[in-house]
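Encoded as structure tokens, here's the structure I'll be asking about.
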Amino acid sequence: MSTLHTVNKSPFGNTALSSCLGHCLTGDAVLLIEDAVYGALDGSAMASEVKARMGEVALYVLEGDLKARGIDAGKLISGAQPVGYDGFVDLVTEHDRTQSWL
Amino acid sequence: MSTLHTVNKSPFGNTALSSCLGHCLTGDAVLLIEDAVYGALDGSAMASEVKARMGEVALYVLEGDLKARGIDAGKLISGAQPVGYDGFVDLVTEHDRTQSWL
Amino acid sequence: MSDTKKFLYVNRKPPYGTIYALESLEVVLIGAAFEQDVSLAFLDDGVFQLTRGQNTDAIGVKNFSPTFRALGDYEVTKLYVERESLEARGLSEGDLQEITYEDEDDDWEEKPSIRVVSRAEMAKIMADQDVVLSF
Amino acid sequence: MSDTKKFLYVNRKPPYGTIYALESLEVVLIGAAFEQDVSLAFLDDGVFQLTRGQNTDAIGVKNFSPTFRALGDYEVTKLYVERESLEARGLSEGDLQEITYEDEDDDWEEKPSIRVVSRAEMAKIMADQDVVLSF
Amino acid sequence: MKIGVVVSEGPYTHQAADTAYQFVKAALDKGHEVPRVFFYHDGVNVSTRLSVPPQDERHIQKQWTALAQDHGIDLVVCIAAAQRRGLLDENEARRQGKDAHNIAEGFRISGLGQLIEMGIQTDRLVTFGD
Amino acid sequence: MKIGVVVSEGPYTHQAADTAYQFVKAALDKGHEVPRVFFYHDGVNVSTRLSVPPQDERHIQKQWTALAQDHGIDLVVCIAAAQRRGLLDENEARRQGKDAHNIAEGFRISGLGQLIEMGIQTDRLVTFGD
């Protein structure tokens, strides 16, 4: 039993990602979409908070949103996995529920 | 020459108030409206950041928004001044420009 | 397996600045007719929805906070409030409305609907649901 | 006093997740016809609007980032970007598009429109305006 | 699997309706069922047939209408949210004494019960909002 | 003083239109002039005449229409923002080949130049948004 958490807002402007990271459990997955993809940038003020959960929680980033924003995959936190919309669908079906951190 | 800054979002969910406090200058005024009135709560995780600027910057809180949210004036940071919509208008005219931190 | 699912309504936004809190409550009221296993979670700024003494006269927006007290009549009796969220906002349980329900399994005794839980407990409650609706 | 006012467009939101960045740019383009003293400020998540290499094919939303490079033709030549905002996001000036204008007062020499400034300088720029429009 | 989808924000202003559209397309491509999409909050604004976006931008309402017609998706617009925001179908316009209506083909107005029902009858529920 | 006002969010969803309304009323009560209110972004949604809020809630469009009529305020709805979001007046509907229009009395559709002009011609400009 595990949960897919989706976050869609920049963690530099909004605390949704922080709250999500504070509530997700070992074995859960976090998918960053829309403006939340900035949360996967390495070297940012948010990076250490994200990395701190990466052992227990899998981190995915929606590829289309990364490219839209000009973020090269090489700039991501190590272990953050880009996925397409098809990968998004797989994550939804592979986990028992989806929780959107709006 | 001084600026009235307005902020309308809760500082616990959004960084607008932090950014405003980091950019306003001595002699400016900050008016908290709508969900930003929570930023004037004493004893909160945000209170010290707000208090740190209170010597240089005047802090106002829109009274109608406080009452709507059930916040008693006694719970506010010392020096935070409740104003009505008429006081809001005065603040706009007394300062040279208004900047909304949306 | 029964047809009953566990529904969690997650409230993370404060009232009045946006409509999400009010429209969330409208879903809860309609949803009550479906006899599912319903819980409400209040965390982050969502805890502000439950403060006592709300009076919206000056802002011209409808005060919907009394509706929370009617939830018991709809058999919505589990309102989980996160302690860490209250503390970060300088609030304690005493700043919240009293919301109660009459327990039909216990001689209709009046019991509190609000249950203050830790962040860790809230995380487990979230992980124990079939459907999570976020507002 | 002349009829010219100092207009500052403040951009604090990232592109694509919401429309504010695009609709801000639409105001700037229309506003250019009014021959005011125009500046653009990019701070907080607004600095993300200027990143190079944006490609929106997969999300189906229009890529408006090339429009920034046309601003010089509209005599919009002052784009202030806050250094602290870049640094907090792991970005440097090299991650931003090159945006230039031809300086008519200097034999049409091509000059950079982006000026990276400190937070303290940004605060002073904001305080030096007649009209501040926020997006 | 049966996947239910909620769209909570209006078109163009937030990316939610775009992301939901791409997600639903991908889910259908993978052979999943998306029996219903429920439009709530400002999401009801997606259903207006009066939208005229610039020629070089996508037409969000038409995208949804076409997808629904091709795949038999039930696009439900919450009646309470729609009334507040000025989205009406012909019946509602008559009932409310309004002289115009604006709901596009492929969308239907109904109650919040349809959201709960979707939660009960699908295997997964995904919300796109702000 | 002359005060210009911008409303950037839609009715009911965000408090912006309500706060702006209370602010404008207070400014007029104090003898200031509010020559124009400019509706941009989702703010254009305030201008729909098809809104039917619950009986016990305020009717935001009617509040603005009445205030504008009583005090001669020019309520301008941005045409580009309105087209994207499906807000049309009779002329626009005809021009775009649409079979309905939905702008309320007291509002007029015009270009972004009206926003800049308001900034130039007023002493103060206040923005209400999100």
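Lettered A, B, C, D, E and F in written order, each chain numbered from 1.
The criterion applied here is as follows: a contact is a pair of C-beta atoms (placed from the backbone, for glycine too) under 8 Å apart; a residue touches a chain by one contact, two chains touch by 3 or more.
Remember, it's a predicted structure, so these values are computed and weren't measured experimentally.
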Minimum number of chain-to-chain touching steps separating subunit B from subunit E: 2
Intersection of the contact lists for subunit C and subunit D: A, B, E, F
Intersection of contact partners for subunit C and subunit F: B, E
Interface residue overlap between copies subunit E and subunit F, same or different (over half shared): same
Remotest chain, subunit A as reference, centres from CA atoms: F
Where subunit C and subunit E are represented by their mean Cα positions, the distance between them in whole Å: 27
Multi-partner residues of subunit F (at least 2 other chains): 12-13, 15, 19, 22, 41, 57, 80, 125, 127, 129-130
Sequence positions of subunit D contacting 2 or more other chains: 12-13, 16-20, 44, 58-59, 61, 131-132, 134
Contacts with 2+ other chains: residues of subunit A: 8-9, 12-13, 15-16, 34-35, 64, 84-85, 97-98, 100, 102
In contact (per the touch rule at the top): chain pairs: A-B, A-C, A-D, A-E, B-C, B-D, B-F, C-E, C-F, D-E, D-F, E-F
Subunit A residues touching subunit B - in the complex, by the definition given at the top: 12-16
For the subunit F and subunit B complex, residues of the former touching the latter: 1, 3, 8, 15-16, 19, 22-23, 25-27, 29-30, 32, 123-130
Sites on subunit A touched by subunit C in the complex: 1-3, 15-16, 19, 22-25, 28, 97-102
Complex contact set, residues of subunit D against subunit A: 12-18, 44-45, 48, 51-59, 61, 63, 65, 88-91, 95
Sites on subunit A touched by subunit E in the complex: 6, 8-9, 33-35, 62, 64, 84-86, 88-90, 92-93, 97-98, 100, 102
